[in-house]
Amino acid sequence: MASTANSLRLGLRGSSSQIARLQTGTRPSPPAAVAVALAAALRRRCLSTMPPRWAADGKDAEAPGELELEFSRNYANPGEFLADYLRKDTITRAERQQAARMLEQWKEAPAELQGQYEQLARNVYTQAAPLKRPVQPRKNSFWNAEEKDTDLITDEVGEDDFEEDDILSMGHGKLEEHREAREYSRVTVWEMPLLSKFAKPFVPPTGDEVLRFRYTTYMGEFHPADRKVVVEFCPKDLRSLTDAQQLKLKKLAGPRYNPEKDIIKMSCEIHEHQAQNKRHLGDMIDRMIATAKDPTDMFEDIPLDTRHHTFTVKPKFPKEWRMTEERRKELEAIRQEAFRLDEARRTGGGLVDGVVRIQEALAAPQAAAAELQPVMARRGGARPGKQNARPQPRR
Amino acid sequence: MAALRQNLTGALRGSCPGARLQWQTLDQQFHALRLGGSSSSSSITAAAAKASTSTSTSRCMSTDAQNDSNSNTSGSQTEFRSIIASPENTLRIATHARPVPLSPSYFSRQPVFNDSYLTLQKLMRSYGNLPVIPAGQVERVAWNTLEDTRQTLGEHVKASDYAKCIELVKRLHAIHPTLKPEAVTAALQAFKRNVQPFSNVPNPIVVDKFGRALGVGRRKASVARAWVVEGTGEVQVNGKNLADAFGRVHDRESAVWPLRATARVDKYNVWALVEGGGTTGQAEALTLAIAKALMAHEPALKPALRRAGCVTRDPRRVERKKHGRVKARKMPTWVKR
Amino acid sequence: MSAPNCLRCLLQLRPSVALPRHLLVARSTAAIAIAWTAPFSTTTANNAKTGGGGSKDKTGGHIRAGKKIKLGKFKKNTTADRGKAPAPGERKAFRKKILLSNNNALPVPGLVDLTPEHMLDPQNAATVLSIPDAVVDQLRAVEAFKPTQCWGVFRKPSMLLRTETIDLMNRMKGAAKQKQTLRLVVTGDRITGKSMLLLQAMTHAFLNDWIVVNIPEGQELTTASTEYAAIPGSDPVRYMQQTYVLKLIQAIRKANEKVLSKLSTVQSHPELPQHIPVGSPLMQLANSAKEADNAWMIFQALWQELTARGRPPMLFALDGLSHIMKVSDYRSPAFELIHAHDLALVRLFVESLGGAGAFPNGGAVLAATSRGNSPRAPSMELALQQREAEQAKAADVPQPDPFFRGYDERVQAALRTVQVLKLSGISKLEARVLMEYWAASGILRTTVDESAVSEKWTLGGNGVVGEMERAALLTMRL
């Protein structure tokens, strides 16, 4: 048994591309084809998994069909392959002898072993089939959400078994934390100082650089918004435009114009790349300016539309309330006046007190009260102390 | 004292007398502690020297004990020299080590607390006669509570002991700050709470260069900022006059209540911004804001404003709804089936 | 199956010997108790119904009803007896009731009746003066008093002369002297005294023997609440409101009787059904309006007579301007909404206000806006803002929003040349005088000194009169 396996191994070392194929193949084949098969095997290089592409040759005109046949066939056991191999007429004598010997050995091998080989070949074939299938990237996916994360594919069998030979997963987590912290510390110490080499001094934009672009980055992550570019500019900065042209530009901008800040703000994300979008915006602004300069129609009949904007009025602290010397004097004068008025009434008797007025009216002589209004009978008779009291208002 | 104790324990640990030498009892140790530094160390080291010379089974677990005794007394110096002279006779690897506690209170129930208590007592004996400042002027400090101490020390400190301890702490804390020794300050530091609520004082409200004082008040979900400036009694809330800002007369009254309660309505102008919440909340947030700003102008009005109920923030909020109830408190009606 | 009524109850239905004597007595006393009502109560007592089964009372009446399915059993029986329902129109009458004096209020010492000179003298700014009784009747006739104004808590109708009042009166006087028409719109915030200023203008007119025509509420003309009909032969079609005009003629007649009785017609009016010769008294013309059918014709005739040369100056006033500055609720025969300016009476006022129909004898056309009850009239608001800015010679006059569709050309044309008087809060001195009047009337129980005045002035939103009233008098008006 062992010798059979050994000889198999030996025999296949010459053309390792055929090792996999040793286990394939089904049909017994006629001996005439063996030489052809051997010749084809010789022509192939040992590490290749693909058939080499030969130059178109008149002699080999019949070979491609043979090769295709060989590749499209699945051999169930080495015996089938060897039989097929011997059928080719392109192989040398030595090869033929060796193959014949190997075939003999295979046939001598016990049926049990042969069955195992066939089983193994079937298993390998069925399990490798999905892996061989090419992976098609999905179209129209959002954020590559359906992409499989290959890092997470694990063989979960026996993963939770603890063999008493390791620290616990919590300990591993802690270690991982330390590693991470140290990694960032290393970055801080070794790499971040190097960034200073890239530092550029801030140069304020000149009068000619009127456009302010804003880009978005997600730090290398894929994001549908990272292609978006936003541009802002003030029409007043475009010095080549006259006032009328600037007004036309604002009208052209429509709701992108902010009348409170006097700024036009536009964005673009229709193209796939940031640079394309920026180019698009630049072209758009160029066209707008060109249209604004075009004197054929200055849109004079259309008023500037600001319906898209809500004007907010912020209340401001009244300036005249601020405490200054004049204000202090003014307040002093007002208070003096008020005090004078009060004092004048207090001393002159003009001060009106509602409560006192009511008391006086209640204490007025009966005749006056009677004149004021008809006296109404009170239930339970008039009390001595309240002879002059007017009846309570009805509630 | 501490140095002495270190000496003592080091001596005990390093060159402990052998099996034939009798152990010093804890009582003796305390006795030695209570005697002066020099005498106790000499006695112990004398004993050690005797052991080293008389017998060959002295232990040398640590050298620092030897150094200590070396530096302290002449007796031990000679002994050390003798050790150096003939190391093969005197030094021998210990057959077993016996750790000796650092603190003599080790075998009591609350060793750390006892140590600190003893330290305080000693400080009290030393500095108890320093002048103290009146109780009202002592800096307010939040001391650790009994529970805190038990938690941090991990010892079951008796409440009565702790009360006595804190009494000592407060007495030491009352020593006049200019005369307070470093040792006292350091010892008291251990009793201070980590977070001192009394040191957390808000920034005082000031009157700015335009004569305005800004006060902020909150009530329910409303926040009000009021700039109070001397004036003639005009009020603007969010740029509107008081009648436009608050439909109810009651709300208007509560908004200017600090001014009314102190008879200052015609003395100040108020310019306020209010946001959040409803009308009542906004009006009462204004009360607090105006009161705070008014106190910046006239700090003496604080008692009057407090009596008028304008100083304290009303902390009540909407009570949350609970599950199983219809509202915060209301239970679902009882249904027969 | 059980009987629907229990036998015990059936027994009780006939007065039998079995019924104890004292129960019968109890029943009779109960009947007396039902008849008796408390003397102070304004409603009938809510007594238990007698004779109706179902309720368990003391007499032991018990009728066992069969089991009934009762739906909505948690609903309370809300149909309680509320006494007699008010008669139709009674509620409205109560709502519109205007009380002009209150005998419980204290008479204010030193309160002087108004004279024509009082309202012109700037010295009299910030004084409270009472309206003479004759003028009160006239003002009542033209419905110058509003139910929302609290006259009913004072002894005598009196009013505060503000600086704005004096100013307006002087302008009216000046216009009348030069035979010109003062065309003015009074605007301002809520309850700042706009209607009150109109009333003061009317008082001034009555005191100076002007003719006063007042439309108390613009709303009544445009909310489709009075009859209307197309004026025959008018092109474009105008609409008359006969019933309202009849009421207006009667109000004019009643209020201006003193003036009208001295005047006589100068034109013949052949179109009128009743022959009124030239030289007959104007009262006769006014009296001829007896029914709604020919009221509009008589009004036209009366208007012609009043605006003829040699007549006294005239005041034409209207409150609630925004109601007549929009499309009305009336429908044309083609079921299209009629613009308020196509209603003849409204048109008359709008033309007078716009300056088209000037009064040859001088006078004033006054209108007041309203903040409480006013539909949105963007054109009117804009026009008034523009006029205000122009008067103040402001740098930027508000411009119409070019993209807003709701502007009305006719409204803007009508208000192109009017003057605007904006009312705001009163000064502290005026507030003080007013509060002294309140205190002297016994309805403000404080000492009126500077601090009290200042407090109420602040609470009233920097001296808005109505708000001060609310804050000080605690009136229930909202």
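Letters A, B and C mark the chains in the order given here, with residues in each chain numbered from 1 onward.
Definition applied: a contact is a pair of C-beta atoms (placed from the backbone, for glycine too) under 8 Å apart; a residue touches a chain by one contact, two chains touch by 3 or more.
Everything numeric in this text was worked out from a predicted model, so none of it was measured.
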Would you mind checking which chain's mean C-alpha position lies nearest the centre of all protein C-alpha atoms? A
Chain whose mean Cα position lies farthest from chain B: C
Distance from the mean Cα position of chain B to that of chain A, given in whole angstrom: 49
Just how far, in Å, is the C-alpha centre of chain C from the one of chain B? 73
Determine the centre-to-centre distance between chain A and chain C, using the mean Cα coordinates as centres, and give it in whole Å. 66
Tell me, which residues of chain B touch at least two other chains? 232, 234, 266
Where does chain C touch two or more other chains at once, residue-wise? 428, 450, 454
On chain A, where are the residues touching two or more other chains? 338
List the residues on chain C that touch chain A in their complex, please. 103-104, 106-107, 402-403, 428, 432, 436, 438-440, 442-450, 454
Residue numbers on chain B that touch chain C, as the complex places them: 232-235, 241-244, 249, 252-253, 256, 259-260, 263, 265-266
Listed in rising order, chain B residues that touch chain A in their complex are 210-212, 227, 229-232, 234, 236, 238-239, 266, 269, 271, 273
Which chain A residues qualify as touching chain C in the complex? 303, 305, 307, 338-339, 341-342, 345-346, 351-358, 361, 372-373, 390, 393
State the interface residues of chain A toward chain B in the complex, per the touch definition above. 313, 315-318, 321-323, 327-328, 331, 334, 338
